[in-house]
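My questions all concern the structure below.
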Amino acid sequence: MSNVTLEDARRVIAAAEKKADEIGQPMNIAVVDSGGNLVAHVRQDGAWIGSVNISISKAWTSKAFDISTKDLGDNSQPTQQFFGIHTTNGGKVAIFAGGIPLVRDGVVVGAVGVSGGSGEQDHSVAEAGLTAF
Amino acid sequence: MSNVTLEDARRVIAAAEKKADEIGQPMNIAVVDSGGNLVAHVRQDGAWIGSVNISISKAWTSKAFDISTKDLGDNSQPTQQFFGIHTTNGGKVAIFAGGIPLVRDGVVVGAVGVSGGSGEQDHSVAEAGLTAF
Amino acid sequence: MSNVTLEDARRVIAAAEKKADEIGQPMNIAVVDSGGNLVAHVRQDGAWIGSVNISISKAWTSKAFDISTKDLGDNSQPTQQFFGIHTTNGGKVAIFAGGIPLVRDGVVVGAVGVSGGSGEQDHSVAEAGLTAF
Amino acid sequence: MSNVTLEDARRVIAAAEKKADEIGQPMNIAVVDSGGNLVAHVRQDGAWIGSVNISISKAWTSKAFDISTKDLGDNSQPTQQFFGIHTTNGGKVAIFAGGIPLVRDGVVVGAVGVSGGSGEQDHSVAEAGLTAF
């Protein structure tokens, strides 16, 4: 199983940035590897500083549970099976849209996390990144 | 009162692993003693890395409050009596299914915590561990 | 590059436990994989509860910097080049003996961390674990 | 006062990477802006995962106190005027070489932080980054 390289991460980030530019919303974009460790991060000019941490948390979360943060979020609302998961792991678990696993040969080898706009925007920018992987 | 030994923990973990193998979902399994301190942990190959922390938190929580995390969760939803408990104790309180107290002679002497699947799966694997105690 | 499996971790822990028994000092023993994530942990009966965290931190540190915690510690004393590293990474960096990288085909693919006795004892128990890898 | 843009950060990181390649030591490189907030980070293939956090902390520290972490470290040894500063700010203060302020028109507008080798290597790679600013 090959891991996410810096070159991979840059390709993912470039595609995500292109999408963010298209929708006109500056974003934070982060990529982690199979161990959940950060490979690369960028904050586009004008993107929220509070989203630095969130983009990294979304990427980590998507790899840590092999799931998009959007789907995890659906299961983490009050009365749902994972409600409360957002305060585990030292508060590093993000349960709103923007994190998507990076899959190679059927195995999750990393993830991309995006934060800076609406949940829908973040998710679509992450998807654009995934397409380039 | 006898405490949970490493041998006890291994017996519990082995039974839990067997159940996890049967349902085909790799799990993190943790056992704590009467002080809430970790005795043993295993992450089965392929189990979520985000569940290392959660399995330990579930075990700790079950001993800390002498209750299953499933039952605690029912009392910790918005508007319920313990809502907010998940952010106490430095965020170590897990309020979703998978943690079960280990009882000997009517006394809670430890707990097992399982994380890696759905809430139902986690709880059933923890129950399998309990049976072996 | 193959990662550390649970079977690998158990073999390492078994060898470390044997050594701990020989020297008569109960130990906490932890094994992490290439991403620094915990694969397995055991606390032998009677071992210090304060060493649960330390054994895991030593294993994480050895993988995180591809070095034994003993050698890292030599470089992290006051006036040395890495003094202050122990408070980085959320305080997860251990700078005293007991953590050793696990190497396969020349690559660090994980690490073992031991805590429960003197620095010399911890290091020798970790070395016994390494031998079984 | 103009702030550090993503384009600035990329130019600094590219120069730092070039230097890291020359000395043959893979590095983590981070750039922060005038608010101490991360603009961009890269982990070169093979660089220590424990240095992700440290590179960011070094960059933050250099901007936070408008000083290189090497110079701050000299003042933060036991008996020196700032000893203990490394545990302030939630442990985010790095007191060993590798962080250097980015100056424009005599004003510190950001910083670069490098981690992945010896203190001397980290500092020289950060200096290479500074040159490109």
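By written order: A, B, C and D. Residues from 1 in each chain.
What we mean here is this: a contact is a pair of C-beta atoms (placed from the backbone, for glycine too) under 8 Å apart; a residue touches a chain by one contact, two chains touch by 3 or more.
If you're wondering where the values come from, they're calculated on a predicted model, not measured in any experiment.
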Item to check | Turning angle required so that chain A lies on chain B, C-alpha fit (0 to 180°, nearest 5) | outcome: 90
Checklist outcome for this item: Here the gap between chain C and chain D, centre to centre from mean Cα coordinates and rounded to Å, is 28
Checklist entry - Where the CA atoms of chain B average out and where those of chain C average out, how many Å apart are those spots? => result 25
Checklist entry - Where the CA atoms of chain B average out and where those of chain D average out, how many Å apart are those spots? => result 41
Next on the checklist: Where in chain B do residues touch two or more of the other chains?
Outcome noted: 49
Checklist entry - Every touching chain pair, please? => result A-B, A-C, A-D, B-C, C-D
Checklist entry - So in the complex, which bits of chain D are touching chain A? => result 5-6, 9, 35, 37-45, 49, 52
Checklist outcome for this item: chain B residues touching chain A in their complex are 48-51, 53-54, 57, 73, 76-78, 86-87, 91, 93-97, 118-120
Checklist entry - What part of chain C is in contact with chain A in the complex they form? => result 33-37, 90
Next on the checklist: So in the complex, the part of chain A that touches chain B is made up of which residues?
Outcome noted: 35-36, 60-61, 63-66, 78-79, 81-85, 87-91, 93
